[in-house]
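In the two assemblies presented below, chain A is common to both, partnered first by chain B and then by chain C.
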Partner chain A sequence: MEAILFYILAALIIIFAVASVTSRKILRAVIYLLFVLISIAGLYFLINYNLLAAIQLTVYAGGVIVLFIFSVLLVHHVELELEKTPLKRKIIAGILSLLGLGITLWSIFTYTFKTATTTYSSIEVRDIGLKLLSYGDGGYILPFEVISVLLVAVMIGAIIVAKGEKLKEN
Partner chain B sequence: MIAGINIYEILTLTSILFFIGLYGFFTRENLITVLLSIELILNASALNFVLINTYLYPDLLQGAIFTIFIIALAAAETALAIAIIINLYKLIYSVEVKDTETMKY
Partner chain C sequence: MNFLIMNIPLNITSTIHDWIYSIMPETAASITIMVLIAVIYLALFAIIGLYLVLLERKVAAWFQLRLGPNRVGPWGIFQTIADALKLVSKELTSNDRIDKFLYNLAPYFVIVSTLIGISVFPFSKQFQAFDINIGLFFLFAVSSIGVIGILVGGWASNNKFALIGAMRSGLQTISYELSVGLSLLTMVLLTGTLQLSEIIEVQRTGGWLILQGHIPAIIAFMIFMIAGTAETNRAPFDLVEAESELGAGFHTEYSGMKFAYFFLAEFINMFIIASIAVVVFFGGWLSPFGITDGITWFPEVLWFLIKVVMIIILMMWFRWTFPRLRVDQLLTLEWKYLLPINLANLMFMAVIIWMNWTI
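Showing the complex of A and B:
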């Protein structure tokens, strides 16, 4: 049952990812990306990482996609179609991507992973919170603080950049 | 761990997702769609962290914590990039890559 669910989610992820990078209507590309993100949240649910699935759904589906749609509506007409990419560039990019995929898959399949045999239960939110705030060995208090400062800096920076100066006539 | 799925199938899935994002990054000509491709790439790597953590070290938490950091970074990067794109549109009325010759004004 879980295997069938995994295959369905994997197929959804790949189909919508391809649709998202090839669609010529920009708003549709954003919505296809939303489907990809929701399917990835489904994968997180499937391996019992409930906190990560919730974060994925709220931050991506709730925040990032709304930002994308907002900016698309701000700078484009909804019906506008993107320019066609030249066929030559498509072929070169496809060959490069397939080459990279081949090399990656080859190196993955020639390596034997030592899969853990211990039983696995779902991760408690409490454990993640304690680990993030612990300052002992293997604690993550410093990166946590750095990421907080980064988020504040990005917020201020985004406000200043998007507000901008008064436009000069050019 | 997902019953009946081994780690190779999962790594295949994330690699395919990563290189689809890379293909989009190479071929797209619009700044917003380039950002969409970057989101795909970041999501593939986050998924990789979580799944490798689940399969190889199920009693550790590193993968989950790094994924939280990746998601925070992705959100920050998107917010800043969209601010820059909107500012650019106010300046040159276009968000195509080929029109973006100067970023300083």
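Showing the complex of A and C:
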């Protein structure tokens, strides 16, 4: 059952990923990308990592994709199609992606995976929260704080870009 | 094979569960149970949706000193079923110059996200389909998908009113999701868990959370109700539809059952918001002061439904009392008032728990 579900999800990811890059209608491409992201969330649910699956849904499906759709709504009309890519670029992109696929497959097949000896239990939100804020061994308080500083910097940057000249006037 | 049964605690009445397992092989039994649960929840979905529409019309009539629907069946109780049958039999019209694929897909985003959302609620101790350990966060994640349906539907209709409705919906949902999340987070500080069944267990001994957390909990409840009403796109926050300005907003071009999907989803969303409020603030299926705790046969689901209906009537009361906000007022309310109050309230709640001032 797990294997069947895995193959269904994997097939969905591949089909929609290909559809997403080949579609010439921009919003359809975004929706196919959304399906890819939701299928990945399904994979996380399959391995019983619920928190990551929910984060995948909130951040990518609910956040990033909504912003994509929003920007498409602002600039694009329903009847517009993207221009066709010239053959030369298609070939170059194809070769590059085949190379990438080759490297990934090669590294997967040459890596010797260890078989798990301990019984795997689902990771609780509580444990993640405690680890994120602990300053002892194996705690993540420093990266957590650094990321929040980065986010503040991004927000200030966004305000300055948006306000532009208005800030100089005062 | 029994992977799904292991991960998803299917505890809709363990007696039926055991009985099905005793008469069938394991594989068939787990599939049978899944199908049964799907059928039960679909039926529940239809009944809740239709009767909330009827309740809305009755409450509206009451506020406007009318009688409301009273022809089909006694007190008009079959009116919305008749309406649903009419909608099923209607022709699905569509324009030529639309994006057919996305236009047809959009209603399903809205309806599926509400269907998944409804599955995690504990209607009573036994009656809960999907008791996931990140319950509240899962609900939040799933409900954030629904808005995509509105955005895509509005855009794919190739209609300027629908597009304006969709744009407004995007603004509104992204903004108010923050307030919903933060006000629930305030309560999660108190419960220490995200799992809905455990949130109710916390309230069994200590009293309902709105009493346990007193001042910050009441502030969180008020913010949650305001933001929740905005999330469901209901008046006074119904800018997305705004009949007097935009025709019918994002679903202007939809007809028949596809329109009905959007329409039902709005009412089920209202039910979801009311259920979250009941579980997180008012003790879920627990009886007030434990008055029916001694009676073993008493259906606890009744308490859940009574509380939910009371919250829903409160939301309908909002709808028929307040005038619609303008877009700038809507965004000012969220970003300049609710969000700062919410953040301060979160700190206040943390202090209260730290000093052990909870009741």
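Basically, the second predicted complex is superposed on the first by the 159 of 170 C-alpha atoms of A that agree within 3 Å, B and C clash if a C-alpha of one lies under 4 Å from a C-alpha of the other, contacts with A are read in each partner's own complex, and residues count from 1 in each chain.
Going forward, a contact is a pair of C-beta atoms (placed from the backbone, for glycine too) under 8 Å apart; a residue touches a chain by one contact, two chains touch by 3 or more.
Please read these numbers as outputs of a predicted model, since none were measured by experiment.
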Combined model on chain A where chain B meets chain C, clash or fit: fit
First, second, both or neither for A:Ser20, with chain B first and chain C second: first
First, second, both or neither for A:Leu34, with chain B first and chain C second: second
Touched partner set for A:Val72, first chain B, second chain C, both or neither: both
First (chain B), second (chain C), both or neither touched by A:Ile47: first
Which superposed partner A:Leu101 touches (first chain B, second chain C, both, neither): first
Touching partner for A:Gly63 - first (chain B), second (chain C), both, neither: both
Chain B versus chain C as contact partner of A:Glu83, first or second or both or neither: first
Partner chain(s) touched by A:Gly129 [first = chain B, second = chain C, both, neither]: neither
Partner with the higher number of touched chain A residues, chain C or chain B: B
Smallest separation in angstrom, by C-alpha atoms, between chain B and chain C in the superposition: 8
On chain A, the residue positions that both chain B and chain C contact, one per complex: 2, 51, 55, 63, 70, 72, 74
Complex contacts: residues of chain A adjacent to chain B: 2-3, 6, 10, 13-14, 17-18, 20-22, 26, 29-30, 33, 36-37, 40, 43-44, 46-47, 49, 51-52, 55-56, 59-60, 63-64, 67-68, 70-72, 74-76, 82-83, 85, 89-90, 92-94, 96-98, 100-101, 104-105, 108-109, 113-116, 118-120, 123, 127-128, 131-132, 140, 143, 147, 150-151, 154-155, 157-159, 161-162, 164, 167-168, 170
Touching residues on chain C, where the partner in the complex is chain A: 1-4, 7, 97-99, 101-102, 105, 132-134, 137-138, 140-142, 144-145, 147-148, 151-152, 154-156, 158, 163, 166-167, 170, 174, 177, 192-194
Chain A partner contacts - residues on chain B that touch it in the complex: 1-9, 11-13, 15-24, 26-30, 32-33, 35-37, 39-40, 43, 47, 50-51, 54-59, 61, 64-65, 67-69, 71-76, 78-80, 82-87, 89-91, 95-96, 105
Chain A - residues contacting chain C, complex: 1-2, 25, 27-28, 31, 34, 38, 48, 50-51, 53-55, 57-58, 61-63, 65-66, 69-70, 72-74, 78-79, 122, 124-126
